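In what follows, chain A forms one complex with chain B and a second complex with chain C.
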Partner chain A sequence: MKKREKIDGKVFLLIITILLFLVMYAAGLIIFKSKGFAKPQVFLNLFISNAGLIVIAAGMTMVMITGGIDISVGSIVALTCMMLAWMMEIKGMGAVPALVIVLIMGIVFGLVQGFLIAYLKIQPFIVTLAGMFFARGMTAIISQEMISIKNEMFLKWAKSKINLTFLGGTVNKKGVVNYSFIYPSVIIALIVLIGIFVLLKFTKFGRTIYAVGGNEQSALMMGLNVRRTKLLVYVINGFLCSLGGFLFALNTCAGFVEQAKGFEMEAIASAVIGGTLLTGGVGNVFGSLFGVLIKGTIETFITFQGTLSSWWTKITIAALLAFFIILQSLFAKAKEKH
Partner chain B sequence: MNKGKAFIKRLTGYRLFLPLFCLVLVLFSNLIKTPGFFEVTIKNGVLYGYIIDVINRASDLVILAVGMTLVVAASGGTDISVGAVMSVAGAVCCFILSGGQQSVNEFVNPYILGVLAAILAGILCGCFNGFLVAKLKIQPMVATLILFTAGRGIAQLITKGQITYIRVESYKMLGSSIPGIPIPTPVFVALIVVLLTYVLLKKTTLGLYIQTVGINAKASKLMGIKSAMIIFLSYVFCGLCAGISGLVASSRIYSADANNIGLNLELDAILAVALGGNSLAGGKFSLLGSVIGAYTIQALSTTLYAMGVSPDQIPVYKAIVVVVIVALQSTELKRMVSKLQTNVKSGKKVA
Partner chain C sequence: MKKRVLSFLTAAVMTTAMILSGCSGSQTAATTAAPAATETKAETTEAAKTEAATTTAAPAEKKEIVVGFSQVGAESDWRTANTESMKSTFTEANGYKLIFDDAQQKQENQLKAVRNFIQQDVDYIVIAPVTETGWDTVLQEAKDAGIPVIIVDRMINVSDDSLYTAWVGSNFLQEGYDAVAWLDDYLKKNNKADSDINIVTLQGTIGSSAQIGRTNGVEEKMKDHPKWKMLERQTGEFTQAKGQEVMESFLKTYKDINVVIAENDNMAFGAIDAIKAAGKTCGPKGDIIIISFDAVSAAFDSMIAGDMNVSVECNPLHGPRVAEIIQKLEKGEKVDKIAYVKEGVFPADTAAAEKPKRQY
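And now, the complex of A and B:
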């Protein structure tokens, strides 16, 4: 009986999220019908513009399942974009070596933060807060000016459309058929998402992550290596941050200091809205995907509406986050009473 | 010889020794590159010089650090929304005083109304944070993360995305100086906040309660202390401090710049508390330590500025300092080091 209740609570949060997304999208279809909201491309754009966020939210979900948090992700994205731009444009490096270097940078970042959190037992928030300022400051040290990326290979990666012919297309005035399309970044994001899902659900390592987040003490008593698990989670998260940053750079094709500000909030909000508990032990990457899609839909609304300032996105996300956090805490309280 | 050793031991055992030592170290390191660091001159009837600059500029941070100390002590968490709350307070004050216009040359509403509204805005933000942390039992940093991001957005909405200027002499006084008094006004504001808080904590049982709750919230609840109320009040007080600090910061630039008021100050405030020798895990605290910590950080910033480091790059150095301090505080590190030492010792014995 008790077990059933617990599962119900988890699923309930996820169902609310999916319903919220469907309701919002349906509302968009009705309100912005005349502006072409119903086009398949509008839906695909949610994935195109948020490919980086999907990857980072997946990493964030893993970290949050262990009961930790990472608020350095936005700054790492900025640092990744800036490093890519700087290496390719100023130093004249190729796109592939530059990509490899930023991915290694992400892993090293995760390694240091993970060590401080898992082995020195410093609060994840303090460590990643310092990481956040460190990465942002490093971005400014590399260059205070904006650097646009003009590397041919990089632009080829960024702009090669993959037409989805089965979704049909529209014929424009010149008689050319425009199919609905996605960029390669979307495919990378989805592969990562499925990879993390499989890792969490079907591997020993994944189950250990849930065990550590559920109750660290019990996990330790069961003979699980809590420290190593946590360290590895932060390392994978660091890697995903720089990969997400790369996907982000494919969209913006530039590096500048103020880039991706508040990104950490979006990633955390996506995970929380998707049903990941802040206390750890519960979470699902597909829930986080819906969290990202909800954020994307809000942005699309604001673009379609046309007059609202982009600050409204941040405020709405913060309000949604507050709402879901309160919902979670009410669930936790109700569970305590049983 | 023994007397000297005992003296040094007593001196280093003194709780505020390390924070004070850091401050002196940072200040005197300037003598190498900037020999005139301690020179004080009088320009237009106001004291002027690097050292005055440190004391003046640190005021905002001192006020923030006072509030942050109580939050850390009571809840074992930190309030990372203080910078954003500062910008909200500044925006509210300028909005009231300008009546919604972008630039004014005289107050549209009475000055005191703007000040009260700004402080009220700070208190309201504190109430929101306190409610989430104390009543809903959400981790402090996640709860304050909401305002951390939304705060500047709200401030932008109030100022309509633009910088609101208040070009009135009396508005600038709070951030610069009052005619006839050679010491900058923010110094006095900081002094008043610190003194009032100190008296409040010493003359009432509040200070004791905060420490008790911070050490063990459940036990203090069983003893009859309203733990949730104490934690809530500490966040409200922190909001109030952020409001006052926001007023001073806004008066310095006689405008409301939602993007830049209090930028990166949350890290500085946490750093000030940690530098003051306070544990970030809560419990016992030293208000004076945090104040010294705040001055140390400003001294560090001014030193870096004097060396020609740009404001964008300063967070790198501060982040390193934070990590080093919290790593030194970590009991795990001490255990690792002592383990290593015993290993080395036993290794020697075997050899």
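And now, the complex of A and C:
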């Protein structure tokens, strides 16, 4: 009991998230033992399918720590995919220049939204709501039809499997040996995650972000540049959105208006499940990673189960969200008492 | 060992409890259960490996064919009929085990489902794709694992055709031709062949094969009819609500619409509601001709009620055709890359007679 008292609320929320993931995964191992849930690839697929979301949830966590929110991320992902597809397929551009342009687009998007939020003090929700409509609209303006990406270099990036032979192979019914594998997108996502983690925990800028989110007034009085910090956070987030969009495009190889609808909500849910407070000041990108993994595990459960409606994913996420929000408010109350 | 199993079970029960109730009191249980859980994780991996090895050693014992089916969603009656056809074909009684996944209209969900099918070591993967593109990587993974993929309904667009074994579905372009041919006949019968005809189209979800095929089919054949004019095309996303909304705006913009082409029945129902609400009439005895696609059961009801003129069939009963292909593949026979299902045109005057014969 003594030990637990030493752990503060933030760490405790994170531990709960990680434990929940481990328990869920372990439960999957028991329930779907005969169906091959124990294959390392099932775990790796969580990263392969969610590489884009991991990056975007990291950006969202950062924004939420400042006490803000960004609901334009899903639309920016769609716009990024569409711009990539359009530039490479219709305009015949190379994959590298196309990538550079979309990354710049993300930064500019973040810059504009960040300026409106930090300097003109407009509600982040309203600014990014406008951003959401704008980006989705622009996507449709570029093309209403789906554009398939066939650029050779892009497909090479998308398709280059990295076999993890050290994890061992499994032989399937057809007698084919399958090695575990990941795609380069997974590596990019993990690098981003570690980068943001280091930025938040070990730099002055990172500590300023927490200070701004914790209490904007006292941050101001401490002489911290609140406005610039906020602006930079939205700029970095904009960059991460377009990078996440690029990873998303590597997975789907297409640009389409309807893509990544509701992505922003998945990112917010992952961050909240990972222990980020909507009120700001508290959050951890690794928590958000586990938030994403929990969502992925629930989805995997449902496909392995095979007869349940996939809408149960949403219902389970809703229950988890409620659980974590109640937990958070309990911690907030406990904090007040001290 | 017993203890471990026990703690494991507690862990499982706790998870369900946590998921279902979302209660905050479970923290202690979770803390104690988790170390045991992680320990056993390694163990089960080992166990699963040996088990996998034994099952591969004796494949002849199990005749059950496992089929993973990733469905678009449940957006229309047609889709539901399609799902039902699969479910009723791939039953345990027929020697199959079906793993069904609803993608909720999202391609990224389908990619996840297909990846999970591969890990579950299914014998065949059947996909009703949400989109035509973006299948290269995941189908390559299926190919690497040696699992044949059968595409149903919408066609896919991949760089390498060998990524899928066969495609089963409708000839959407032909459906478009059929619709124009019917309209031509109908106008001639009603002595309107020489009058100007104003048409509006409620398109399906932009980019889907059905939308592309039907739009192009109609457009191509309309070139033979200079008196016909396409006023506007707009998407109703295959839903009744959106169909109604778009039709309402069409009725406000254009005063002289003669024909509505709805690229599925659900949008046609929405359009009919919008027309009635605007105080106009439609159907064989009305002012506006309603041409629809799919010919689901409710469309026959609508035709019998005198609201709809014709529905061009889009046969959703893909199950038997897919099963036919799987049986051939099981025997090691070659299969055709493209397999169309049979389809017809059902005008209102035959609706009452046809309705009892319909399966969906």
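We adopt the following convention: the second predicted complex is superposed on the first by the 318 of 338 C-alpha atoms of A that agree within 3 Å, B and C clash if a C-alpha of one lies under 4 Å from a C-alpha of the other, contacts with A are read in each partner's own complex, and residues count from 1 in each chain.
One rule holds in what follows: contacts are C-beta pairs under 8 Å (C-beta built on N, C-alpha and C of every residue); 3 or more make two chains touch, one makes a residue touch a chain.
Predicted model only: the values in this text are computed from it and were never measured.
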item	value
Partner chain in contact with A:Ile48 - chain B first, chain C second, else both or neither	second
Which superposed partner A:Val257 touches (first chain B, second chain C, both, neither)	both
Chain A residues touched by each partner, larger count belonging to chain B or chain C	C
Partner chain in contact with A:Ala322 - chain B first, chain C second, else both or neither	both
Touching partner for A:Asn215 - first (chain B), second (chain C), both, neither	neither
Touched partner set for A:Ala158, first chain B, second chain C, both or neither	second
Partner chain in contact with A:Met146 - chain B first, chain C second, else both or neither	second
Where chain A meets both chain C and chain B, residue numbers	144, 257, 309, 311, 319, 322, 326, 330
Of chain B, residues touching chain A in the complex	77-78, 80, 132, 136-139, 141-143, 145-150, 153-154, 156-157, 161, 264, 267, 270, 280, 310, 312-320, 322-323, 326-327, 330-333
Chain C-facing residues of chain A, complex	16, 19-20, 22-27, 29-31, 33-42, 45, 48-49, 144-150, 155, 158-159, 168, 170-176, 178, 183, 248, 251-254, 256-261, 296, 299-300, 302-304, 306-307, 309-311, 316, 319-320, 322-323, 326-327, 330
Residue ranges of chain C in contact with chain A within the complex	8, 11-12, 14-16, 18-24, 27, 30-31, 33-34, 37-38, 40-41, 44-45, 47-49, 51-53, 55-56, 59, 98-109, 111-113, 115-117, 119-121, 123, 131-137, 140, 144-147, 157, 159, 205-207, 235
Residue ranges of chain A touching chain B (in the complex, touch as defined)	69, 71, 116, 119-123, 125-127, 129-134, 136-138, 140-141, 144, 257, 262, 265, 268, 278, 309, 311-312, 314-315, 317-319, 321-322, 325-326, 329-330, 332
